[in-house]
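Reviewing the structure listed below.
Per-chain residue numbering starts at 1, and chain names A, B, C and D are given in the order in which the chains are listed.
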Amino acid sequence: MAVAEKIPASGLIEKFPGGGIVLTTGESVLKWGKASSLWPLTFGLACCAIEMISTGAPRFDIDRFGAGVFRASPRQCDVMIVAGTICVKMGDCMKRLYAQMPEPKYVIAMGNCAVSGGIFYHDTYSVVKGTEALGIPVDVYIPGCPPRPENLLFGIIKLQEKILKESALCGRKERRVR
Amino acid sequence: MTWSSVETIKENIHTEEFWVNMGPQHPSTHGVLYLEVKLSGETVVDLITHIGYLHRGIEKIAENRTYTQFIPFTDRLDYIAAMGNNLGYVLAVEKLMKMEVSDRAKYIRVIIAELQRVASHLVGITTFAQDLGAFATPLFYGFREREKIVELFDDICGNRLTYNYMRIGGLQFDLPKGADEKIKNIIKYMRPKIDDLESLFSSNAIFTARTKGVGALSKEKAVNYSVTGPNLRASGVKWDLRRDEPYLCYDKFDFDIPTGVNGDSWDRYKVRIEEMRQSLRIVEQAIGGLPEGDPTIKVGRIIKPEAGESYMRTEAPRGELGFYIVSDGSAYPYRMKIRSPSFSNLAVLSELAKGIKVADVVCVLGSLDIVMGDIDR
Amino acid sequence: MSADALDRQIAIPKESLLETARRLASEGFDNLHCITAVDKNESIELIYILYSINKHACVTLKTQLALDDLAIESLANIWKSADWLEREVYDLFGVKFLNHPNLKRILNPDDWDVHPLRKDFSRPDLIKKPKY
Amino acid sequence: MVSILTFIIMIAVGAAVLGFIAVSAMFLIWWERKVSAHIQTRYGPMRVGWHGVLQSVADVIKLLLKENIVPEDVDKPIWWLAPFFAVVPSVMVFVCIPFGNLFGIDLIARDLNIGILYIMALTSISVLGIFMAGWGSNNKYSLLGGMRSAAQIVSYEVPMIISMVTAVMFAGTLSMQKIVEAQRGMWFIFQPNMAVAFLIFVISATAEINRTPFDIPEAESELVAGFHTEYSGMKFAMFFLGEYTNLFIVSALAATLFLGGWQGPFLPPVLWFLIKTYGIITVLMWVRWTFPRVRVDQLMGFAWKVLTPIAFANLAVAGWILLK
């Protein structure tokens, strides 16, 4: 499987006959821990939320990547999957949720609406032009209306790659100022 | 501590009712619903429903899109039952144009709409169980079963959730090769699975205790609140547009309309289970009698119906979905009102919630089976 | 039975709405299915679609409101479903419903003062409609 | 000289117990995720180590790195102390849980002659941690969770302790080690009225440790995350640790009191003990991922109207059998 080579742990574990031995430095262990345990916020806005649940469901099973623990409280999660259209009325709420998440926190914009307002942005009056328009920095964009569950899994893998590249102890502000 | 000092403490303790905000981000509000609940201990004294957190202004968009361009937007209203919305919209436009589609298109539409009803009820029932605290397992069972239907729709029209399949005058494509075999397989697969799900819930003492008698909605109240769909039938009103105002070719099929007695959460769940069975019956009959021919009448890209108005309501999985379209003779609708089922169904919540426990609010909300996209539009 | 509510339309002046509604309710129209409005530029037309579940009957009430006097009696005391539907019309068109139990915006934020489904509502970034 | 040796042994035993608790909790979290995944016809964690065995390690590392948010209006001393109150009592209970023996050494930190009393006393303290968290968080969901938890644990303590007393009556001792030895010929569960006591114990223990179907203090679909809604990072991890340690403790108690503890043929005693304990844990997990949650009034009604009378009747029957 092509995906298997991209998983965070494969860089750390070198297979020896008869078992695995972990060879690594302290920092990469920390990064590996961060990347392998991305708990998303239980937060569905619209249509994409159904595909988000599908991603958790047996066929696709997001839990294989360690990202299956959907926490309902923003205090305990690492990644906010913005799944759906962001409306003006919801905007403040989203900002607040993002502020309530503890560092280091990540955002995945799932679906065209969360990326750029999607098909709903034009000709209407109540839709925000994507997550970034609210001032919430986005780590991974997943286009699609809605993206298929495979795409969300790919987005999670991309986010893991990103976390493995950055410094283990860096907070949000250091990585991206907006 | 002496007894008298206990008495003084008792006199000095104040108890008061307090407001709790549920939502817009809350695990059991099915999206971005916001409930303000006034609690006295655990008992609900008052409940205020705030909606509009997903108000995308689809009715305004409709005035700026041609009739055909608007079809994808209907998918995103009730996104769990997108085909039902597709169908309601194209039927309304066809009614406006006084147009009759071919028999094959009608049959395929019936098959698709009924399979969509099964898929939607699977989600509805299992999210309901999730709200009752059966964490994830029933939900994932429901999604596993639903995946079969989604896969079929993916084959038919190329998307998993938002289908954009119905067209004014027919369908986007005819059924692909081998689809009827697949549909038959789905019926064969789904029947025991529905029995499975039913035995998972119905034989569970906790599930029964949590749902029976909770949130009972009387017949009169249901009609007065304009509650429709399975929720209305659970209250004992035998009213189903497929039977009472047949559209497409529903009058050719033999099916029962399940009704409840008490209108409580248990009945609402039971009616949905039974409706899935009846839907499979309809699909079976329709796939058996599927006529040959070209399903689609070519209408051209730009449609200009005569000036006038039409109101078409269909029995979508969540209730009666109405499209009111006013045309001024141009290529764009002059005004489009979407009468969505969940909107009226949710309005009844604050009435049902008074005097029950806060856990039951979640139960009633789950049993009403709402979709925020449908409510806020 | 009639399949189409729009085939049986009654145009009434706005003063007699409440009276007509009461009479229809007593005749068995137990279901106020839908309330909506259409902005006809010079006036706003209100449309009430009523059904009777027992008698399989339906009727549509239409009434015109002048733009300078957008107020009409609320039907929320007769049919509970009118509560939210009227709030929606108020929110999107600015029609005031008198004696409504809770006339507040329902879909849009409370602090807005525009009524977006009116034809004169505009936003700078609307796409220009192509002419067909 | 002797005292230094005792001291070293004390340190070693303490370290062993703490190490076991940490590893066991981490294993249980992984095991729970795998069990739930397989119940739901999926795989669960697969990418870190063999079938994701390192998943909990990754989770712990991540939680260690997380920001520790202290909301502005919390009642700070109470809020800070609550996680410790949730964990420390459950760690202390390990003092008198008999793990069996290895190479002739009894694997029990200290076989107190009032072992069961000690355990009962300590398990009741952990409710304090939950209530403190609920009160200190200054969050309405937390408060509701804390209130529910206090009511629930106090109610279920009664049938649980009575069913434990039944076992004590049959064994004739309060010492854990001696209770196990009393079951040398036959495990207690094979006697009809002890089987009833076992069922009562398991049901009320499930309630005691807040697991589905009695997880109302943290009821996710109602109270978001209940009493630990406002906790993040390591403090949240401590609640998790406490929860899974408690899970281990009640299962170990059930195994010791009713299933013959470490006794069993062929295999070494430690293995028997672990097999029994983890078997019960797996059953509890099975229950958790199958049943919906009961409502708060049903829960209290069940404790006082059903479980407690049955437990008392069972106790009376046990007394009658012993006197006969």
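Quick note on the criterion: a contact is a pair of C-beta atoms (placed from the backbone, for glycine too) under 8 Å apart; a residue touches a chain by one contact, two chains touch by 3 or more.
Note that the coordinates shown come from a computational prediction; the quantities given were computed from them, not determined experimentally.
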Q | Set of chains adjacent to chain C and to chain D | A | A, B
Q) Which contact partners do chain B and chain C have in common? A) A
Q | Comparison of B-D and A-C by number of C-beta pairs in contact, larger one | A | B-D
Q) What is the distance, in whole Å, between the centres of chain A and chain C, each centre taken as the mean of its C-alpha atoms? A) 43
Q. Where the centres are mean C-alpha positions, what is the separation of chain A from chain B, in Å?
A. 29
Q: Let me have the rounded angstrom distance from the C-alpha centre of chain A over to the C-alpha centre of chain D, please.
A: 34
**Q.** Multi-partner residues of chain D (each touching 2 or more other chains)
**A.** 40-42, 220, 224
Q | Where chain A touches two or more other chains, by residue | A | 57-58, 72, 89, 122-123, 125-126
Q. By residue number and range, which residues of chain B touch two or more other chains?
A. 26-27, 52, 55, 57, 60, 64, 136, 140, 144, 376
Q: Could you run through all the chain pairs that touch each other?
A: A-B, A-C, A-D, B-C, B-D
(Q) Using the touch definition from the top, list the residues of chain D that touch chain B in their complex. (A) 36, 39-42, 140-141, 144, 148, 212-213, 215-216, 219-222, 224, 288-298
Q.
Please output the residues of chain A touching chain D within their complex, sorted ascending.
A. 7-9, 13, 20, 29-30, 32-34, 36-37, 57-58, 61, 63-66, 68-69, 71-73, 75-76, 78, 100, 102-104, 168-169, 171
Q) Which part of chain B faces chain C closely enough to touch in the complex? A) 51-52, 55, 57, 59-60, 64, 66, 95, 220-221, 223-226, 237, 239, 244-245, 302, 304, 309-311, 313, 320, 322, 324, 326, 330-332, 334-335, 337, 339, 343-344, 347-348, 351, 376-377
Q. Which residues, counting only chain A, touch chain B once they are in their complex?
A. 41-47, 49-51, 53-54, 56-59, 72, 74, 84-85, 87, 89-90, 93, 97, 119-120, 122-127, 145-146, 148-149
Q. In the complex formed with chain D, which residues of chain B make contact?
A. 18, 20, 26-28, 39, 42, 129-137, 140-141, 144, 204, 206-207, 209-210, 357-360, 362
